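Below is a structure I'd like to ask you about.
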Amino acid sequence: MSLMQEFTKGIIKENPLFRLVLGTCPALAVTTSVENGLGMGAAFTGVLLASNIAISLMRSIIPASVRIPAYVVIIASFVTMTDQLMHAFTPSLYKALGIFIPLIVVNCIILGRAEAFASRNSVLPSIMDALGMGLGFTIALGLVSAFREVLGAGSFLGIQILPESIPAILMILPPGGFITLGCLLALLNKLQKKYAW
Amino acid sequence: MLIAVISLAVMGGLFGIILGIAGKKFAVEVDPRVEELLNFMPGANCGACGMAGCGAFAEAIVAGEVNPRLCAPGGASLYEKIAAIMGTDVSSYEERKVAQLLCQGGFEQSKMLYEYKGVHDCHLALANFKGPKACNYGCVRMGNCSRVCPFGAIQMGSDGLPVINFYLCTGCNKCVVECPQQILQLVGVSRQVHVRCLNTDKGKDARPICTTACIKCKLCEKNCPEDAVHVVPFGNGTVALVDYEKCTNCGICAAKCPTKAIQKNAAISEEVLREIGIPKDEEPGCQSCGVCKPL
Amino acid sequence: MTTQNDLLLVTSSPHIHSPDNVPNAMRDVLLALLPALLCGLYFFGLPALGVIVSCVVSAYVSELLCLKAMGKEVRITEQSAAVTGLLLSFCLPPALPIWMAALGSAFAIVIVKHLFGGLGQNVFNPALIGRAFLLASFPVAMTHWSKPLDGVTTATPLGILKEATGQPLPHLSELFIGTVAGSIGETSAIAILIGGCYLLYRGHIDWRTPVSFLGTVFLLTAVVGTIKGGGIQYPLFHLLSGGLLMGAFFMATDWVTTPVTKLGRILFGCGCGSLVVLIRLKGGYPEGVAYSILLMNVVTPLIDRYTKQRVFGGGQSNG
Amino acid sequence: MSKATFKGGIHVTGHKELTSQATTTVAAVPDKLYIPLSQHIGAACAPLVHVGDRVKKGQCIGDVKNFVSSPIHATVSGSVAAIEVMEHPGGSFVPCIVIENDRLEEWHESIKAHPDPAQLSPDEIRAIVLEAGIVGMGGATFPSHVKYSPVEGKSADTVILNGVECEPYLTSDHRLMLEKSDRIVAGLGYIMKCVGCRRGVIAIEDNKMDAVAVLQEAARSNPAISVVVMKEKYPQGSEKQLIYACTGREVPVGGLPIAVGVIVNNVGTAAAVADAVEFGIPLIERYVTVSGDAVQKPTNYLARVGTLFSELIAQSGGTVGEVERVISGGPMMGKTVFSPDVPIVKGSSGIVVLTKPTGQSRTEYPCVRCAKCVDVCPAFLEPTSIVKLAKRNKWDEAETANVMSCIECGSCVYVCPAQIPLVQYIRRAKQAVLAGKAKAAAVK
Amino acid sequence: MGDIIKLGLFLMMVAAVAGLGVGYVNIKAAPLIEKQILEEKIRSFKEVYPEGDKVENETAKYLTAPDKILKEVNIAYKNGTPAGVLYLAETKGYAGPVTILAGFDQASGKITAVKVLNQTETPGLGAKAKDPAFQNRYKGKDSAVALEVSKTPPTKENQIQAITASTITSKAVTKGVNAAREHFVATFGATKQVKTGTVQ
Amino acid sequence: MQEYLIIIVSAVLINNIVLSQFLGICPFLGVSKKLSSSLGMGGAVSFVLVLSGAITWVVRHYILVPFDIGYMQTVAFILIIASLVQFVEMVMRKFTPPLYKALGIYLPLITTNCAVLGVAIINVQKDFSFGKAMTHSLAHSAGFTLALVLMSGIRERMEDADIPESMQGTPIALVIAALMSISFLGFSGLI
């Protein structure tokens, strides 16, 4: 696979949220507004990039039996750094994403990529993989949050576009998250059937 | 800062040692080849091999108990990998088989006894006077085979008979077991000539019931240059049977057969036999994140 | 399949069938809803008519589109969509904007019914999810109640009870006849009882569900009433107000979403009853019928699983 | 007296008035009779005669030495025209002995009245029942002598005669009870003696109060015999339900009535036993109802075994309207045949001919979980769940759901508003479970 | 045995390096974060009591026992003399805690402003408590009279109109304000004559 | 007492970890096809969740707080959880093979189950005492198991349903979760 392919696969073919159905928790929890969704995507991409690089560099020296603890420690420290940096530089976003920044640690995608990709590939492909996956995840979050914000709050990126009484608040409540993701997945299934990737 | 580093390091060291000890103390043995094979198995756990999932099959291969070709979804590339791991030769594996339907009694050909209404199920329809068709031996046309085929290889055709897509059929034997009339058979893919009728009646009884019934005229037997087809005793009467060991796919018998009960297929090329991309049967909880695999 | 016309038909026993079928049953339910419908129209007038019509029409159209889109046989003669639409409209406030009503109805049919495979396969009661969806989406419009006949904005009896606003509670007889604020189809107890009895008589619903449902509510509120010193009035008030009767007779009895075993239906009813009392007395909403039934819908598969009847001749435990 | 009944079940429109009031007609004996070699549950008989042989009425023409089997007798005198495979009303193809009727009605010499039937020992009675080829006439055609044979460690205390006749249209048992009450009571006496028990019960539904009166009168002489009136409900005639209704005992799953000390027989079987014991006459004729909306003149017949359905239908004035189905037996449990040219067998209680139903055509809907099937199932099953399992070939799970306890009464199908042919799926599941068991046994 | 030590050492090293990295970032980021928090706080104080030039946290002095609702008492000084009081209060809203900042002017005895700091209420409903439109309803209310929530447009001076369909949130905010108000009246109200109102 | 009750009711019903907190969705979707496996997963998660809840509480109160390195929390907690999971798995595999067969496959997944870390973090955020932290962890695991079991009951029933093809699998599971979540809205405001 070429580097370009490593990059693009994460966007559509192996989109972590839509195809692999990983990282669902943040995808549902923070997607009440597009701003939050994109912010989460960015934070996530940063962590994934850093951890993929680190793990790919260390892949030959990590002993198998403490592999998972080692990975999570590496990931967790990047997450903590991101957390502190965001707190320092983007306080409002930090506030909105709340508990979900530390929880990037347990976002299955990151560990999954570490295990399935970075630990078997060299740095460059790992970087491309991380960027692709990150972008794919960010796009997915953006999509989910766009639906939810428009339908549920009547706004897009904070700009009110529908009158007060029209949006169905349910869409930004937990059920709305589930429904949006479910329907998007179904839609993609359908599209996939039609134009097999 | 220093405290942070030290306390974290101590925790790390502690857990590392605990896990190390645990790993030694609680080690469980597995043949590495099984793991290796499992990496290549399709992971569909479809049961085509007749075992309880890919794991059991891998163990059986390592134990040398089974023919690797039984894993139909794996396809040629899998057999090569297995051969490589096991140090054997692919060509020594038995020929791959597909299901063949031994009946041609469609709507046009067969006479009906009655109109049937009820659950479309071959077994059930048979309970009433051996099915709505006058022929008691042929396909009941209620499609059980097509419903049990896990690979979607069988579809009911416009003449009511099942049509088998040989490129999808993996030879899993499910339809053969299901068919109550026992008119589905697994035959090697290279075999092209088949007697597609299993009625055991005499010609005079069979002829009015179905236009494509075998009428025991023995023209096939007489014309076969290889002595490969014979009318032999079967059930309460006789049927024509091809000896696949001897048959050279020449098709003379098929050409001579007056009712076209014998047919010659177009060849199925092994190269075209597609490797079927069966989606991995999701293990409970498997999100294919890969975390679990090497553990 | 080609048939030769002179052939006899071979079918499997039994060869005769009761005249009962799904379309007839749905028609009976619609018939049973007629008294409540008339009361609703009489008390709430044109706005109610608008809500009802938009719910039913939207349900029908959605049903049609779903069947088409899913390539299923377009067969809406069984009228279950109409039942869903009508029942949904019955638990909506009369002054609801009709586009909201239509949206709720479409949500019920598309998401709750057809995504689950259509008639008979949904796990949740479509009408009630429709209501819950609307309540969560448009809380302002969904809690805007008007007085019967004159349409003045007011609170519902349960709302008065919950918020302790000091307004006088309506008399039991008003609840019985229906001259109180509330959803379109729920206010008149007598009309609902007539419909419920008709369904019981026609054998479409099992007495166990409404009896255990209403019985549980009565018992629990009677206990609370005694502690509070409210006497028999208190449990009766709870029985007759809100959507309880509508829910007990028409929604907790929905075939599709409730248990199939007899014991299961009793458990279902008791569960609904307890949840209603819990939500009404302790929860954030004045009324909890819809949620209680929905929550029990969630549990229904498990109830069915664990209340299997004993087979005839299989030991003497009571079935 | 409160009326006995069971739990579950359905009310079906009886249509019994079509035939219940008229005296039974003795059917004309046709020129050719077709006598299947298998008219019972168990091993099929081998023919004892050859084509061209002359046979006499009552002569044993087919037998096999097998415990669960029953001999076949010629029902007229004449010559054997052929032995050929023919369709059987049970839905299969079976070899038949075709007898050309010589119209002499000459009895075989073995047929002799017994001088003093009261002196017969239980074993002798059982031997007579066997020789007379008596099988259950309630439909299951289980060889009666087998039923009467002692079972290790179990003994019967009650014999129940099944005069319930809960199937719609059928009135043959009803007419039999009215016309041969003394035969029934006598037969019950012999059966009680044969199995050594003191209590005899004749169970009749309350839609046949005239039969109740007649039988009570006939049974007056024997204090051990009582008549029980039951509430009209289908499938009261099913023996497990009947036993529960009469005695409150439940036959355990997979068990036989003898497990609770009961033997059940059809009233016709009892009458046949009486004829065999007293007069030595084998089972060669029976009461048959010919009814249904496509029959010109619905009638009850006393018909010889081997008479074709078509001949009885012709005697009833032929058919009216467009005939859609010919049912052997009642419409709830009977089987459709693809041609009216099938013979009456020992178990044929009726022929019901139906026209195409007018109005709404039957459309199958998905199951709406109304649970009506669950409520009516007399075996306390959950037909809807079993069917869902069967549709996915989940035979093991179907077995745990007790599919084998289904008595195939069809009540569930009758009430199902979604018009799902539940029993058919259930039959398929039972077949598959049995096949699975057979396979497992073969492996062992 | 050597293996095990190696595993331990490896994980230890990873953890140590991780600790080092995180610690380093923390050292760099912590002051920024603190500054951030402080600035935020000052900004809020400014919003709620714009006139002060210095704010001191004097919670210890004024809240002797821990209070269920009131968390902080800050005194705003103007030219060195105490001029206003800023309360940090926390109450239970619909979905979780709601923290507010309420400012009181000692001279006039009026509420200067109320600001909702943190809340997890439903977006579109209770979350509207953060809208200035709602917060402004408290501006200028007299501290002497208990505030009430009303669902309809207020008819009395001491009524606050609830956010539509979010009475619970509205009540939560009001409860916090009332607690602050009571404390304010009790502690600082001596300078002003206490007006009597309809206190529920 | 009342406080504990509130913690329990809130965690199980009102703020159900899956249906309204959005934690642990992956296993909730992945392991809810069969009742038996959902019970297994519920059991495994509960076990790890409670155990890690206890250990993280101790670590926080006796290491992180005294040394003033609260910012190390995430790293420390996840290290604990990951090691714990792996340790438990090894022990189980060796000593209780049947249990391992039943639960083993779920264990690695728990490392990446946000619910475990999430609850540990909420314990910290709410500043619970040890008793309350334990109650809270237990209640959340009960809530998780409840949601999982209910879901699997429904999904087992859905096996017979003819769901539109593109909705099959995860999409319909999400829709079911949505409708369950709507139903659970009924509990809102209970306390």
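First chain written, first letter: the chains are A, B, C, D, E and F, and each begins at residue 1.
Simple rule for what comes next: a contact is a pair of C-beta atoms (placed from the backbone, for glycine too) under 8 Å apart; a residue touches a chain by one contact, two chains touch by 3 or more.
Since the structure is predicted, the reported quantities are computational estimates derived from the model, not experimental observations.
The chains touching chain E as well as chain F are A, B, C. Most remote from chain A, judged by the distance between CA-atom centroids, is D. Of the two chain pairs shown, A-C and D-F, the one joined by more C-beta contacts is A-C. When every chain is reduced to the mean of its CA atoms, the largest separation from chain B belongs to E.
Centroids built from CA atoms put chain C at 50 Å from chain B.
Averaged C-alpha coordinates put the centre of chain D at 87 Å from the centre of chain E.
Chain geometry summary: the mean Cα position of chain A and that of chain F are 21 Å apart. Residue positions 6-7, 10-11, 14-15, 18-19, 22-23, 26, 30, 94, 125, 168 of chain E each touch two or more of the other chains.
Under the contact definition stated at the top, the residues of chain B that touch 2 or more other chains are 4, 7-8, 11-12, 15-16, 19-20, 23, 113-114, 118-119, 124, 128-129, 287, 289, 291, 295. The set of chain D residues touching two or more other chains comprises 335-338, 366, 421, 424, 427.
Touching pairs of chains, sorted by label, consist of A-B, A-C, A-E, A-F, B-C, B-D, B-E, B-F, C-D, C-E, C-F, D-F, E-F.
Within the complex formed with chain F, the residues of chain D that make contact are 366, 388, 391-392. Contacts from chain E toward chain A in the complex involve residues 6-7, 10-11, 14-15, 18-19, 21-22, 25-26, 29-30, 32-33, 36, 40, 122-125. Those residues of chain A whose C-beta lies close enough to touch chain C in the complex are 165, 167-171, 173, 175, 179. The touching residues of chain A, when paired with chain F in their complex, are 21-26, 28-29, 68-69, 72-73, 75-77, 79-80, 83-84, 99, 102-103, 105-108, 111-112, 170, 173-179, 181-183, 185-187, 189-190, 193. Across the complex, chain D meets chain C through its residues 10, 12, 168, 240, 244, 250-253, 255, 323-327, 331-339, 352, 354, 360, 362-363, 365-372, 374-375, 378-382, 384-385, 401-402, 405, 408, 410, 413-415, 417-419, 421, 423-424, 427.
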